Structure formats: C-alpha cells, structure tokens
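Take a look at these structures.
Note that chain A is present in both complexes that follow, paired respectively with chain B and with chain C.
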Partner chain A sequence: MQKIEAIIQPSKLDAVKDALIELGVQGMTILEARGHGRQKGHTETYRGREYSVDLLPKIKLEMVVTDELLDSVIAAICSTARSGKIGDGKIFVSRIDNAIRIRNDERGDLAI
Partner chain B sequence: MTGTASRSLSLRDFYQQGMEEIRARFHSTQSARSAGREAITARARLADELVTRLWRQYSVHEALQSGVAIVAVGGYGRSTLYPCSDLDILFLLDNNRTESQVKDPIRRITQEIWDCGLRASPATRLLSECDSLISGNAEFTLSLLDHRFLAGDRKLYDRLDQETLPRLLQREHRTLISRLIELTEDRHAKYAHTLFHLEPNIKDCPGGLRDLHVCQWLTTLYQIAAAAQKRSRTEPVGPADFQQAADFLATVRCFLHYAHDRDDNTLYWSAQDSAAAASLGLGDLGGRIADSSVWMRAFFRNARTISRRANQLLEEAPLLRGTSFVDQLRRKNKRIQADGYYIQHDHVFFDQPATPRSPDPVTDPDIVLHLFEAIAQHGCQISSEAEDRLESALPHIAANLEEGPALWKHLRNILNGPHAGRALRAMHALGILELIVPEFLGVDALVIRDAYHRYTVDEHTFVLIDTLHALPTPAVSTSTGRPNPLREWQSRFGELLKSQPHPELLYLAALMHDVGKGRETPNHCTESARMAKDLFARMDLDAYEAGIVNNLIVQHLALSSALRRDIFDSETLRLVVEKIETPEQLQLLTLLTFADIAAVHPDALTPWKAENLWNLYVGASNFMDRTVDEERVQSRVHSELIQRVTTLEPASSQAIRDFLQGLPQRYLRTHTSEEILQHFHMASRLVRPDAKASADDLAAAVAKAVELDLKQAIPVSEITLVALDRSRLFATIAGGLSAWGMDIVNAEAFSNANGVVVDNFSFIDRFRTLELNPTEHKRFLKSLKDALTGAVPVESLLESRARGGRRRTPKVKVETQVNFDQEASSHSTLLQVIAQDVPGLLRSISISLAEHDCNIEVALIDTEGETAIDVFYITRNGEKLDSARAAQLRDDLIVAIAQNPL
Partner chain C sequence: MKPFCCSRLLVLATLSLLPAAAHAQSPAPVINNGDNAWMLTSAALVLLMTGPGLALFYSGLVRRKNVLGTMMQSFAMMAVVTLLWAFVVWSLAFSSGNAFLGGLHQVFLHHVGLAPDPFYSPTIPAQTFMVYQLMFAIITPALIAGAFAERMKFSAMLLFNTLWVFLVYAPMAHMVWGKGGLLNFSAIGMGRLGGFFPSLDFAGGTVVHITSGVSALVCALYIGKRVGYPQRDMRPHSVVLSFIGACLLWVGWFGFNAGSALSAGTLATSAFVNTHFAAAAAAVGWSAVEWFKRGKASALGAISGSVAGLVAITPASGFVTPMSSIWIGLIAGAFCFFMVTTVKNLFTYDDSLDAFGVHGAGGTIGAILTGVFACSAINPTYRNGLPTGLFEGYPKQLLYQFAGVAIAWTIAILGTLLILFVVDKTVGLRLSAEDEETGLDLSQHGEEGYEFDMDVR
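For the complex of A and B:
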C-alpha cells in the first residue's frame, strides 16, 4: 500500500477528484492548505494598503492506494492538475505498513 | 419451574404479545399522524396492567399491605411510553416506613418487570423526601410534575398529589423555573441552539420532544406562579398546529425505536429515507411516496412549531420576576409606549382598542409593521398575547395592506435593523412576511437534501441576514467557547459593509436570492430574480434600486464560481468584472457571497475560503479601476445600455449617441438612463465656440460653457458639472466646493470624444449651509459658476476659508502615498494618491496636475473613513507621462498635499 499526498491548485480539485473516482479510488482526504514553492506569491495594493499574499491557497489530497493502482493514480493527478505554470504543485509517495477499517476490523488492502 | 417463574412467563408472554400487537398496529397505521400517540398510550396501558398484576401478586407481602404506593412518573406519568423507553416508577413510602422494610419486595417486583422485557427505572422515596427540592437533582422534582397512581396505598398517593406536591411547588416554583431554563439552555447549547441538523436527535434537539415537555412543565409552573402572585394567567392559544406537531414527533420517535430496537432517537440519514418511503406521519398520500426531502420538510416544520412555542415560554420567565410593589412599579416604569403597541420587559404587546368601537391596532398593517421594525431595531420579543392577536387578525391585515413606497419603507427599516433576523423569523412564523413577500411561501422549510446544506432555505436566508448584521462587530469566541477563527475576516468585510450607502439593497437581495429554489427550474438565480421583479413593482422601487438588487440576485453565485478558478489569474478577474460591472455591485456581491457561504453550514466558511474571497475581491476591484480607461463607449455598436437611454427620447437618438461616444463604459453602468439623459440635455445647452474665433475669444467661450445641477440631500448631496474640457476645470470645481466648506466624499470625472466632461461630486455639507438655508442654493451655484467661468477667481473664495477655518485633528493618521502605474492603460498613466482626507485635498492634487500640464482623462475619487483614495488616468500632450515627469510630479504632489492651506 502506498500513501499519496498531492498538493495542487484549488482550481484543479474537481477535475482531479473526478479522475480519481473514475479510477476507483474509494476514499481520499481533502485539506485546505497554503504554501508556495518557487512561486513566491505577490503583493496586492488595495485602498492604499498593501496585502502580501506570500502563502498561496492550495489543496492537499491524501489517499492510500494499492501498489497496483499507484502509477495510474499518479498519472491521473499529473494529467488533470497540470497547467504547465509554476505553482502546479507536487506529489509525495510513502509506503504504508497497514490499514485498518474501524467499523469491521478489515485490514490491509481490504481496508482501502 | 417455580411458581414465580411460571407467573413471570405468563406475564412476560402477556406483555410481549401486547407489544407485538402494538408494533403491528403501528406499522399498519404509521402514515397516520396519530399512530405514535396511539402506540405510546397503548404501551403505557399495557405497562399499567403489568404493574397492577404484579402488585396484586406481591401486595400479600406484609411490608406492602399499607404505606406503599406505586406511582408512574416522568413520561410514564404522562401515560406515554415509547417502545424502548424505560419505565419510570416511584415507590412512595409513608413517613413511618423505612426502606429496609420494603427493599426486598420492591426488588422482586422490579426484577419481574425486567424479566418481562421492560427496563425499569425505579426510585424509592419517603413522602417527606418528596417535599423538598434537592439541590442538584431538580430533575427528580420535575419528573414528579407528571405523576399517576398505579397501585398500592391510594390515600398515601392522594397526600402526595393534593398536599405534598402543591406545597412544594408553591414554595419552589421559581427555583424550578430557573433550573428548568438552565437545563434547557445547556441542552440547546449542545446542539448549537438550532433545530437544523443533518441527523437531528428528535428528543433532545431544539424543537424535539424534550422541548415539548418543557412547554408542558413551564405552562404548569407559570400557572402556579400566577396564582402565587394573585393574578390570573390567560393561557396563550399558541400555534394551532402545536398538537399536530407533537403527534408527528411522537410517531417519528416510535418509528426510530422500532427501527433501532433501542432508545436511540437520532434521525439518521437512512432512517429519513425509510420514514419517507413509509410516508410516516404524512397522512394519506393517495398511493404516492414522499421524497426524503419532502418528508424532512414536514419534520422541520413540526420541529419549528415546537421550538417556537418552547422559546416563547422560556422567554416569558423574566416577566414573572418580582411580586413586590416596588417590582411592579419598576415594571410599569419600564413600559415604552409607541403608536398602537408598547414594549415592556423586552416584549412587545399590542394596545387594546381605546373604546369598544375603536379599531383594533392589530388590524392596522402600519402599526403591525412598525412593531416588527421595533423588534428588528431593539431585539425585543413578540409576546404570546401579541402573537395570538396577530394570528386572528391576519385576514384584516391582508385586506388592509397597501403596496407602494410605504411598504418598501417598512421592509427597509426591518431589513436594516441589527436584529432583522429575529423580526423576519417572527413575521415568517406568523404569516406576516408572506403577506408582503408571497414569493417566500415556496421556500418555507424547503430542504436541500445533501450533506452540505444544513438549513432549510428560509432559515438559510435568515442566517445569511444575521451573518451580515454581525459583520461589523464579530464575536471573540464561537458558541462553543472556542476563539472565533473568522474574526479578522469578519472585521475586514465588516468595514466594507459599513461603507455601503444603501445596505438595505443588499439585505433585500439576501431575502430574495433563493426564492427561486421553490420552483422547478434549472437556474434558481434567474428564477429568483424574475420573482423578485414582482416584489419591486409592488413596492415601487426605483429603477436604480431594482437594478442593483436584480443584478445581485442573478449573479449571487458568480464569485463562488470564480473561487473555484485561479483567483489571481487576470482572465478570471476579467470574467468576474464583465458580469459585475461596477465597484458598488462588486462590494455588495462580495458581502453577499461571504454571508451566503457562511449560512450554508456553520463550518462552511473557513478562514481559508474567507481569505480567498477577499483576494478575489481585491483583484477584481483593482482590475475594474485599471480598465476603466480602456473600456470606452462605441456608440455605433449596439448596446442595451445605450438603447435604454435613447428609448427615453427617440428623436434625439443620434445626438445622444454622439454625446456618449468615448465616455468610459463605467459611466453608462453607474448612472440611470434618466440621469444620462439629463446630462445630455446639459451638454446640449453648452454654447460651442465658433471654430473661426480668435484664440482669446475661443478660450472665453469655452470658459463660459458650464452647466451645473445640484441635488441637495442629507447626509450626502451631489453636484454634476457638464462643461467643455479645459485646463484646471477639475481643480476649480474642487476648490469651489472646498471654499463652501463641502467635504468631497467621492467623485467621478469622465470626458467624451467631443471634449465634453461630465463630473459628479458627492459631498457632505459639513456646516449644513444648504440644508438650513434653502435660499443659499442659488448663490452656491452662482458662486461655483463664477469660479468656473473665471468671473471670480476661486483663490479669493478659498482665502476666507483658509483664514477662518481650523483643521480638525484626525483620529487616524494616514501617510501620503503617490503611485504610478504605466501598464494599467494603453494610453494613460494611472496615478493613485492615498492621503489624509482633509478639506482642499482634491484641489491641491488637481492644481499640481494642472501645473504639470496633465489632462485628467478619468478621475475616481473615494473616501474611506479618514483616508482619501484618488485614482486619476492622466495624459500629457495626449501621451503617458515619462518617468522623469512622473518622479517630479510625485515630489510636487507630496509637497502640495502637505502644504494644503485648508
């Protein structure tokens, strides 16, 4: 099992979600986040006051998938979240030792 | 098998068989509203029979021969026993008995009850113990309010019923009322004081069965209180459908007990679907099956009826305070009398007719609406008595209600009140709101059934309006005691709300924005706008007001949609600005969007979303200002906005188009057709110089070509200047206004392709010169015209102001900022000046611009508190400013602002 953490642009959320559901990804966690990489943010002026937007709004998706599904999930995220501009985001992958479904104690791949 | 076991078996069989019959009867009749009431009454009777039979068996025991009675209390005492509820019984002992004497037989009786399949919750008390209110256990005394003899020593029970309890209540009714209110408040707080939950607990939530019991207990206790104060209490009639609501909830609770097979009162999502499929409590639907959202609509209507009654009774408690003469006097002194009604102890009451032949104030719509204005303004409650009278008078009110501007005035005052939500909820509950806005009927308790929308559509509307009103004074913590995470954003948006000159238009849009959801339509925004147009017509809203509200309703999802895109992308901003058009609309729509999201669900608006919405607003606002110079009217191109103007005077169609040619699109969007036509007429009266005249004659002719129009109002007046463009025009009018002590709050200056300028200045008459001296209007206009035509130098007008005036100390110090943007426009330089808002500021700026030979193509002047925010699109010799000139101009502006003589 592999855990995928994907930081994407908020405007890409719907497209990424639809693609994952189509692939059969049953569950995911979506978090509102802020951050930046090389895309540093900017300063906006309003009514004489400057507003620094250093940390840009992002969406973080987390999901655990089977090893077999990993590559197709990564490909789906990349193709739907990509715009080609700085700020598209990143995907991180880490290994998961186990997963347990609380309701009925299913474990391993069955739990995801 | 022992005799006891054999008896238990037959008793158990008896009970179980009875339960099966009750269950079967319930399931066969569960669509009937009374199915629940019948089932719980039947179970109570069955339990009575069981207890009575048990008593007969055990009463042969010496300890139970006398001095012991079995009393049903709590729900069982009300003869209502839900399928999985406990049996609340009291073993009442005479004072000369001891618990040890009866412990064994009581234990065996209780055990047999358990063996039969019931859960008994027994209590054993001496009669004397029932005569005191135990601190920390008021719940026991409250349970005694509903008591019923089952078996045993009848005389002992009668002493409880006729002596002990009346004595206790006589003594402790106030403490009990306070304690009951505390317990109810605590319970309501656990459910965030709302009956609207995705999976409500139908017993404990506000509007649930526990609130029904609270109504019954408070009614009893208030009667005792009234008797103690030697006054009569006329029991309010209450909502006609209260009993029906109680029956409905009883049926739902039975359904849940049977479905869960335990005392679980949560109306889970799946249970809602099952209840709908069974048409639970809805009556005969002629074979149709109710949709789950339709069924939940019925549920919320019934819960709302119970909740409303419970809240009325809870809020009556302060009215009972005090029996002393001083207290009564104090109460009398607190009465605030209005026309036809009065406010006392935070409750509103209607006056009685002065004579039997006088008209009843409650039938006068004007008085009724004034009463709701008072509620909206002061946050007081409508009394039960006033509610009863209103419900009876509804047909008279409907017959006498007049449409037109007076109706809008009432609604406006209600919407603008800080407690508008409270007033609107009361009006809605009583049917008054629907008399004014029949469009609202379609969204009464309308459920949008998904995991996101917590409130019914009508409640969502009221929560939205509450949210808006709460913006300027955000709470420090939430209802659960946690720090308010949105506080910073509420403050920021609150400042935006405070700057709105017509907030009532925002509230009206809020009221109507979702009425279209009550119709089968693919787009509820356009449907809501269409329905709202009828309301505008009935209230005689002018075209400007109606236009703003209409656009807000149509576009109320535009910013939410934009939030799903890249909010920093100029294409997103362009699309937003295309739809929203004017800065005022953008501000109002931003506020509506903030509150609309917040009112979907308590957690819907996160600080993350609020920040994104703010950034979107700032981006769109700046985009609007930066493109105003680019988007100009092309009068040859068909435009609905142009057509609206030419329709007013078709004979002048071509001339109007010539006048509009080259003006910024913003001019068309921020003025009504009537205003534009008026400006056209002013422009038509300008005497154009003969092209063959000498330069001096030309200049003189241009100088004389000035038209002024004044609209004096409180607090903000408006003056419009239409003239042939020339140097220092803007500086002169700004100076003239300052010389008269006028505080310019905003202004727009536009010019068309034919060299005609249209300048609008909104100003506050600080010294009320025009307000107090209507005869001065002519002199004011003449003075300005003299300055503009050069007949009188404006400097001489300003001198006396500079000598006589004393600059007030600002509350907030604003640093001067001067910024240039060469990218915003393709042919002008954008200049933004932020400075302390003081008299003469605009003149100082425009003099500096004139001294640098800068032509003002567009000026957008605004004030926010003590800050002046002035945006100019300027050219020099028809070109943008070069960087050296811009740098010099910046220095000169800073000096001029600092040296402003006023």
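For the complex of A and C:
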C-alpha cells in the first residue's frame, strides 16, 4: 500500500478527481491548503499600501492505493494537473504499513 | 433654575413675535404632505448611511477579529446619540442662543411639536426637521471611528463620542445651520438668521465631514499606531462588505443632500442630480489616477473615490450646476487618492480606514470648491439672485468659505484634543496590547463575527 499526497492548483481539482475515479481509486481526502514552493507569490494593493502575498491557495489530495495502482495514479495526476507553468504542485509517495476499516475490522488492501 | 426660566420667558416672547416677522418674507407655515413625505424618507435614507452603510464599509476594511467591534462603533451611535439628542443636544444645536451655541429651552424636546418652525422648514412638522437632523448627528461621530479602528476600548469610544457630540457637533451645527449662527448663510430673515460669515454649506461639508475628518486625524495622532503597523499584514478582511457598504452610502446620500433642501421641490432635484454626478465623477477620478500610477484600477479604489466625491459635493450640492458637480467630483477623487496614498505614507500616521484622507480632505476641498462654483441660478435665495461664487464674480464668498473651514478645523482640533485627554485620564483610550491581539470582538463584546469551527450543528 502506498500513500499519495498531491498538492495541486485548485482549478485542476475536478479534472484530477474524475481521472482518479475512472482509474478505480476508491476514496480520497481533499484539503484546502495554503503554501508555496518555488513559485513566487503576488502583490496586493489596498489604498496604496502594498502587501506581498506568498502563501497561495492550493488543494491537497490524500489517498492510499494498492501497489499495483500506484504508477497509473501518479501518471493520471501528472497528466491532468499539469499546465507546464511554475506552481503546478508536487506529489509525495510513502509506504503504508496497514489500513483498517473501522466498520468491520477489515485489514490491508481490503480496507482501502 | 432661575436663569432657565428667564430665558424661557424670553424665548416665548420672541416666538410670539416671530410669525408676523416671518410672514413678511416667507409664506405662512402650512404643512405640505409632499414635503413631509420626502423629508421622512430622507431621514430614513440618512440613517441607512450609518447602519448598514458605514458599518459595512468600515468593518470590511478591518481584520476579521474586529468586524463586530467596528460595526458596533457605528451602531452604538444610532442608539446613544439618539437619546443625547432628545435630551439635550438638539436644543444646543438648533434652539435659539448666541452665535456659537443654542440654548437650553428645548431640552427634552420641549416645544418641538408637530407645527412647523418657520425659520428652519415652514412646510414640515418641527419634529420631522428634528429627527432628520438627528440622523446627521448619528453618522458624524460614527465617521471618526475610522481613525481609531481596531485599537480603542468600547467604553472609551462611547465616552469620547458622547463628549464630542456636545463639544464639537452641537456648536458647529448651530454656527452653520442654527438660528443666529456665526456661519449661517440662510437668507430667510437676513440679519436675524444669517451669520457674520455666511459660509455656504448645503448639507454638512463643514458640520459633518470636516469636523469628523479632522477629529479623526487628531485621534490617529494621539492614540498612535496599531500594534505592528505598518509591517504586519493588515489587509481588509472583506472588500465585499466594504463594497456593499459604499453602495448603500451612495444611495443614502440622496437623503443627506437632496433632503437638505428641506422640501420636495426643485432645489431637492438639483441636489439629487449633483450628488449622483459628483459620486460618479469621483469614482472615475480616483480610478483613473490609480490605474495610471499603479497599473490597475481596484474595486476598493473605485468605491473610495465615490465616497470622496459624495463628501466633496455635500456642501455644494444645493448651489452648483450639474457640470460643476462633475468637476468637483473629479478633483475630489484625484485629491483624496493623493491624500490617502501619498500624504498618509509621508507622515506615517495610522488613520486606519482613512477617515481624514476621505472626509477631512474631501470636506475641505468641497467647502472651498463650493465658493468657486456656486451659482445664483441654482439657489437664488442666498443673496437674492446676486452672484454667489468666484466664477460668477463674487470672490468674497471664497473668503467666507475659508472662514467656515478654519472654524471647523479649529473647533475639531481643540475639542477633540480636550476630549481625548479627559477620556485617556479617566477610562483610558487604548486596548491593552493583549486585547488588541485578541481583537475587539472577543475582548470588548465576548463574541465572534464568523464561526468557522468544523462542528456539526
């Protein structure tokens, strides 16, 4: 089992979500987040006072998938969330030891 | 008690002489239902300017933790000033007294009935005029809150504004509009009602905007900057609220200016048209300069510009032509942009919501431009049809306008300084640093404007 954390542009969420569901990803958690990588922020001006805003709104997707699904999920996120410009986001992958379904105590791949 | 009785007798004696005297110059007072309908509507429109208009305009510009506290600074005036007005302040402002202040013979609205007062408004009940003027007394101290936003105690704000209505508003209103006031321009019964310096102020450029704006500057300087200003992020938490507020101010201003005709006739039409044109021109003026200087025209800039134009046209609205009002708006929009962006940063005072930059500066330029553009064809009652403004060939009026401005600035500075000192030494002006971090909403009122917790209810 692998955990995928993908940080993407908010405008790409629908496309990414649809692609993942089509692949057979059973569930995901979505968080509204703020942050920045190499992308620079922007400036806002209110009555002549300038503020530089460097934490920008992002969407963070979290999901746990089987090892077999991993590569196709990564490919699907990359192809749907990519605009080619700086600020498209990142994907982090980590190994998961176990998963438990609270309702019936199923374990491992069955629970995800 | 004795002087009070004596003065009352004196007034009764004077009043009994008045109808005959008034009859010589103006028609006998008969209530006109059309006028009364418009004036009651106007009174409601002016109240709409304070709540929700000003309350939304200001509270959108503060940080999220201060949204309710800022709204309360407006709303509290709707309640508190109303009572003060009914008890004493009306009498101090509008009953007859000397050239600077009214008397006490109309305290508790004594003798303010449903019959018209021919000196102020011969066609509407005296109570309509009284309640209409009350709405002005409500919004004026509420405007000052823009300068001490996010850092003054609620108790201090209440005490400050209470004293301010007595010490600054009542004398200024009496001087400009009251019977025998020093600056009264009114030609009804010239020599008796008209003042020494007839300064043209149709709807309160000096009384409302200069006094509140200049007092705001004094407050900002006396109280000091907000913790962390200007380094910290103090962006407006919702320009959307401010946007709605500004649009309500624009609409309410028709009551403020066109209502100041005190009748539903042609003068009200002039003031209505001028008000609208100046607001539009000032929004264009501010936005154009902003676009040119900063590359973008902002929503906050456009609405701030319209308010600046509304402020500037206030004294002029019943004296100028529509084309003049467009000039006044354009000039005020550009001028206030400069005051709010460049001048404020140059002197580094924290006039948080630009009460001075918009109301003080806009009110001052408006008062002066009134003397420049005033036109006898629009308002022939002042000077009986003779030239009234600089462009018409009456430069003396400009001098009177400067006198009005100077007196308004002086009384605002002195009165506000005295009141700030008294409030500071008694209840204390500023929030503690800790309360300022927490915000007005929680520290002063024990509640929050927005509930974002993820609970299920």
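Everything that follows uses one rule, which is that the second predicted complex is superposed on the first by the 112 of 112 C-alpha atoms of A that agree within 3 Å, B and C clash if a C-alpha of one lies under 4 Å from a C-alpha of the other, contacts with A are read in each partner's own complex, and residues count from 1 in each chain.
In the analysis below, a contact is a pair of C-beta atoms (placed from the backbone, for glycine too) under 8 Å apart; a residue touches a chain by one contact, two chains touch by 3 or more.
Values in this document were obtained by computation on a predicted structure and should not be read as measured data.
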item	value
Partner chain(s) touched by A:Gly37 [first = chain B, second = chain C, both, neither]	neither
Which of chain B and chain C A:Tyr46 touches, first, second, both or neither	both
Partner chain in contact with A:Gly27 - chain B first, chain C second, else both or neither	neither
Partner touching more residues of chain A, whether chain B or chain C	B
Residues of chain A contacting chain B in one complex and chain C in the other	44-48, 51
Touching residues (chain side chain B, partner chain A) in the complex	563-568, 606, 608-609, 611-612, 615, 618-619, 621-622, 814, 817, 819, 832, 834, 864, 867, 869
Chain A partner contacts - residues on chain C that touch it in the complex	230, 233, 235-236, 239, 294, 296, 298, 300-301, 304, 337, 340-342, 344-345, 354
Touching residues on chain A, where the partner in the complex is chain C	44-49, 51
Contact set on chain A toward chain B in their complex	9-11, 13-14, 32-34, 42, 44-48, 51, 53, 56-57
